[in-house]
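Across the two complexes that follow, chain A remains constant while its partner is chain B and subsequently chain C.
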Partner chain A sequence: MATAAGSKARALLLLALLAFFVRHGYGANTGGSIIVIANPSVPVASVSLKELVTIYLLRVTLWPDGQPIVPVNQEADSRLRSRFSETVLGQQPMALANYWNQMHFQGKNPPLVMDSSQAVAAFVRKVPGAIGYVSANTPTEGVKIVERLP
Partner chain B sequence: MTAWRTGVFGLCLALQGLCAAPTLAGDYHLGAGENIGPVNLAGYSNLVFEAPHSGPDALILEGLSLFVSAHVNRYFNPFAEAELEGATLAAEHGGASSGKISVERLYNDFELTPSASLRVGKMLTPVGEWNLIHAAPLVWTVTRPLSTYYSFPVFVSGASLDIQRAADDNWGAQIYLQPGRTALAGKDELTPRQYSNVGGLDIRYTGDVLNRLGLSLQTAEVRGSGGNQTLGSLYGGFNTGSVMWDFQVDVTDIRGGTVARAHDREGGGFLQAVYPLTSRWFVVGQGESFQPRDYAARARHWAVGAVYRPRPAISWKLEYLDAQGAPVGEPGGVYAAWTVLF
Partner chain C sequence: MIPFAPFPRYLGPFARKVLLLLTALFVITYASISAIILFDLSAYQRAATRNELSRLASAKLNNLAVEFSHQAVNSRAWARLDVMNDLVTNDVDQRIARALGQMKIQYRLPGNIYAFGENGNLITSNAVPGARGRSMPSNWRLTPGDDFRFIDKSVDPYTGQAIVAFSNAVPAAYAPGKTIGYLVVTYPWQVVASLLHADNASLVVLNHSGEVLYNGMGTALSPAGLERLRAHATRYPAGRTDYMVAYAKPPDNRVGPHWQLAAIESSNSMKDYLHTAWEQIALGMVLLGVPLGVLTIGITYRFTRPLAELTATALEISKSSDLSKRVAVTGRDEVGLLQRAFNEMTSRLQQDIIERKKAETEIHNLAFFDPLTQLPNRRFLHGRVEYALNSSALHGNHGALMFIDLDHFKKLNDTKGHEWGDQLLIEVAKRLKPCVRTTDTIARLGGDEFVVLLEGLSERPEEATTQARKVAEKILNVITQPFVPKDRDADEYQGTCSIGISLFRGNETTLNDLLKQADIAMYFVKDSGRNAIRFFDVGMQSAMEYRNALETDLRRVLSKRQLRLYFQPQVDSVGRILGAEVLLRWEHPEHGLVSPVEFIPLAEETGLIVPIGLWVLETACAQLNAWKGGPHTRTLVLAINVSARQFQQPDFLARVSEILERTAVDPAQLKLELTESLILDNVSAAITTMRALKAMGIGFSMDDFGTGYSSLTYLKLLPLDQLKIDRSFIRNIATDPNDAAIVRTIIAMGKTLGMDVIAEGVETEAQREFLELQGCRAFQGYLFGKPLPLPDFEQLLGVRQA
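Presenting the complex of A and B:
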């Protein structure tokens, strides 16, 4: 009886740990490199790091052909988002969140938030003008790769 | 008095409970509004408890704002904001009021090119940074520095052209013009003066989200024969170590007019420091010296406070304000606020 109760407790503990790791982005989002993807309609072949900054800081809202830019972000507690925020945008996620709130108040919609790399890829594939970043192991059929980050 | 304070405490507890819910269902993210097709619905609330040295304690719904924006195409990007402000929910010796609803912003953005946008309608005046992001959840103090609103119209109605020099450049500028009076006048009518025929230029350099520098220039007619004025404002923010600094320095020259004034030059400046104790707790210090045109004495304000931000869209603020000199702005005392951007 005591053994059964112990096994149950261990199972619950494992489940809790698994939920914690999934919640905090371990797994798919911990992949080494980041791929920046865009909808095939986007009229550029590549996007530089500096252009990524201007896009995600909402300083530019149109692609060169006049098509609206639709930037996509990952969940606030995603490790991939932390890495992208710090290495590409050069900011702490909290500072960026404050900044996007300020931009939102000024009528500029902050990047849309998707809950996984797969969801980002699916959104970017579907929405003209969309750009997002995903982990390196995410399937990229139907999207254009515009930058690879180490 | 005891029952009133108990009521306030109970209300705060209830609000805190509401805040504990992580987000609403679906794709909604607190602070980002709700997207319905190309339309975004959002807003903010600001519940303030004030205990000034001179005057009764009060619980005030200082702002309940709703804003709607849509990005339909390059030429149809409307934005509208309506706000209920100054509704006193409870006061120490009675005197509750229902507040006032005003249309704060109503405009459309025309995306002319990837680096130029034309805005037509009623908008926030680009003088300094605080005025453009004045929503309570976005600023660190309950009280607002005089330099950020006292000397200029906080709204203008007309046209503005916003230019980003190049897609990957850090420089930007906005030029604007308001012929005649402000349309749909609301909160701007509550500022010390009203203005007409306003024109200005704002030039800004944005290094990153924490390091910015800007210069605002503006001319305006002060209604009621208050003369003509020219304003210059230097503002920005920077980061030193862990401390986030913000400042704004204004100088306004006033010429002509028939209304008596103590000075032909008005202005001053504030400096604010925010130090993060943790990722959610912050200490705020702010000092300001300001010379109003209508008073011989300067106003000197100091504020110290603490801010708890459990997430970027929610702030709990507590601050003490010491106000000396000219009786302009908020009186000295204790202020607390609960603010949510939703």
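Presenting the complex of A and C:
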């Protein structure tokens, strides 16, 4: 068991290094900014990047008032999701997909995937406790912007 | 061979009966077996059909359940897809719409999928893209708290199709227990109906409230039928036919409709099955019946043919009377026994008829032929003679009837035996045949009497006589040939015969006349010494008639007291009367005195000599008795001639003794004169009788001595008292030295033997002297007195004695 845990840790380290290298290599090419939105019922005004990480990596599942956090993801091959993954979550989308799969098997629902920013916005507007990220030009009426990313 | 009738005739009433019986038997048996089989088959088939129906119902219902369950599970899974969370966004990304399109294709869904939002408005559907926002039909809605519902048969409001459907609640992936919409999957009723189709039964589906959802009968259900189905009746009435019904109900724990499925026997299945069974039975009847029929006909034919043959043969026999016909024996069974018995019967009958015919022939032969010699008999001869007479009258020819009589046959037959006699007769018959032409007839009338009928002799009497004589001479000749008897030890015999012939011409005479004439002629032959031929003539006829008349009279001579005794004196040398020879005279009322020479042979022949002889003896004795008192008469000796026939009578001795006793005469006064031939007939018997008489005291004299062949040997044995020298020697005694010598010798011999000698026929004194000189002491003759009637003799006695 100890050996297995050791090798897993090494693999994570390697992935982090790789992610760092990719972010710095391609970061300059991705234009526009990301808005993090949440249902108005969410009891916080803003969510930090660190908080975003804990939310999307499913380490925190409840808002401070106790209602469940419903994270919403973008489609896997969307550039927005890639940027969100790299900049916010600091990991490659592939590694994250693996991570969420593992989480799903552990009984934790991975973030719901929507095809478009409009859909994410619609979902977050409708679903209490929902949080998602959309492109900056997405209409945001009915939702609460809790973070803006460069 | 019997011409057998063609085949059908043998199927007579009996055969037809057998055939009918067997056919009936076959049909009844076959029908019974068929009925039983059919009954069992139908019962079995009924059970099988019921099982099949039951299985079908269950299977169909199960199929539906599986299909529905499948659909339900699928729809449930689809409702839980992540993408369904897009209901929250009103499917802003069209992801649900795309997913539904993909499912429809991927799963080859026969129906449609509808996705409704949380409020029941249609969000997307693969069926009607333009219906977005329309609200969910009320029967599709779920009861709060439920997440699934089977929607019974109804109309899809969007498509107008009849469907069943599966309605699912869509749970939110992000919030357990939260419903974010509804997913409804429809299933076209058409597909359900296609699943409910069955080839060999009709299915009817009722929903839980008894409404008809599906009717595979082809026709509308009758209210009564529907009522029965609702009540789960096992029979469904349709017109006149009862159909079987089986039901199936899904298990309660199954997802799906609470339907009842009734499987109704197809109108054809059972009927078809029974129809097939009937066809097979009929086919079996033909396949079995035809060979059986042929076999039956064959067997019947086989059994009845021998009977028909028997009948045909019996009819044939009765028609043709030919008992030689037989039937073929076909086996060892009852029929064979019958045939055997039939053959046995016919052969027995045939044998009987042969024997009867043989007997008839024998009777015929006996009637017309002599069994001993095989010659025709009198009856046959009668016909032949009649024919010959007519033929003679027609052609003018002469005919001749010969009467042939074997000489001395009767005596020979008695002495040599009947067998010898029969042999002789057969031999004679054999010898007669070659003497005549084949057209002539030889018959045997009986005894030794043969008759030969010669026909077609010459027209001229002289020539005819010559022709007949020639034949007769031939016959005489062959008869005189020596006869060698079969018995080697017996002596040869040379016989003779006497033949009388009667010639005839025309048909005036009858057979009896002819026979009588031939007989007369034959008699004359016999009378004149036998072994000769005589033709009949009229003189013969009259002589015969006279003789016959005489014979008739002779039979009455004693009763009519026409006989008289004459006495011829016998004297001694001095002329004294010693006695007399008693002689018989017949005082015939018409012919006067008839000579003994004439009637004695007739009496001998007819046997009348016996009573006549006794009468003589008795009368003579009575006379002796009458003379007892007279001094001149009481010592007289009467000499009485005894014929051979009389002497040979077995009771002669007794009769003489009786007469002597009755008349009380001294036997010594009686002297019986016997001839040599009498003794020679049977010497020993004669000696016995003579000795017995001698013992009584009666004397004997040998009559006609010298004329016979007397042997000195037995002359010595005979108890004779006297020799009587025949008159033929006396006549010329004085002139003929030979006669003289003979007489001398006789006298000398008599002396030597101690016998008296008497000479008869002494007529002259010279004769008397010579005899006396030679020593003869007794005489008889005209010299001393001719035969005298009693009064004259008594007078003579008185004169002489006086």
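Points worth noting:
What we mean here is this: the second predicted complex is superposed on the first by the 119 of 150 C-alpha atoms of A that agree within 3 Å, B and C clash if a C-alpha of one lies under 4 Å from a C-alpha of the other, contacts with A are read in each partner's own complex, and residues count from 1 in each chain.
Keep this in mind: contacts are C-beta pairs under 8 Å (C-beta built on N, C-alpha and C of every residue); 3 or more make two chains touch, one makes a residue touch a chain.
Because the structure is a prediction, the values reported are computed rather than measured.
Of the two partner chains placed by the overlay, chain B and chain C both lie in contact with A:113. In the superposition on chain A, A:59 contacts chain B only, with no contact to chain C.
More residues of chain A lie in contact with B than with the other chain of the pair chain B and chain C.
When both complexes are overlaid on chain A, the residue A:127 reaches chain C alone and has no touch with chain B. Residues 68, 109, 112-113 of chain A lie in contact with chain B in one complex and with chain C in the other.
Remark: chain A residues 68, 70, 109, 112-116, 118-119, 122-123, 126-127, 130 touch chain C in the complex. Interface residues of chain B, counted against chain A in their complex, comprise 27, 29, 31-33, 35, 40, 42, 44, 67, 69, 71, 73-74, 77, 79, 109, 111, 113-115, 117, 124, 132-133, 135, 137-138, 164, 167-168, 172, 206, 208-210, 279, 311-313, 341. Within the complex formed with chain B, the residues of chain A that make contact are 48, 50-51, 53-54, 57, 59-64, 66, 68, 76, 90-91, 94-102, 104-107, 109-110, 112-113. For chain C in complex with chain A, the touching residues are 82, 85-86, 88-90, 92-93, 95, 172-175.
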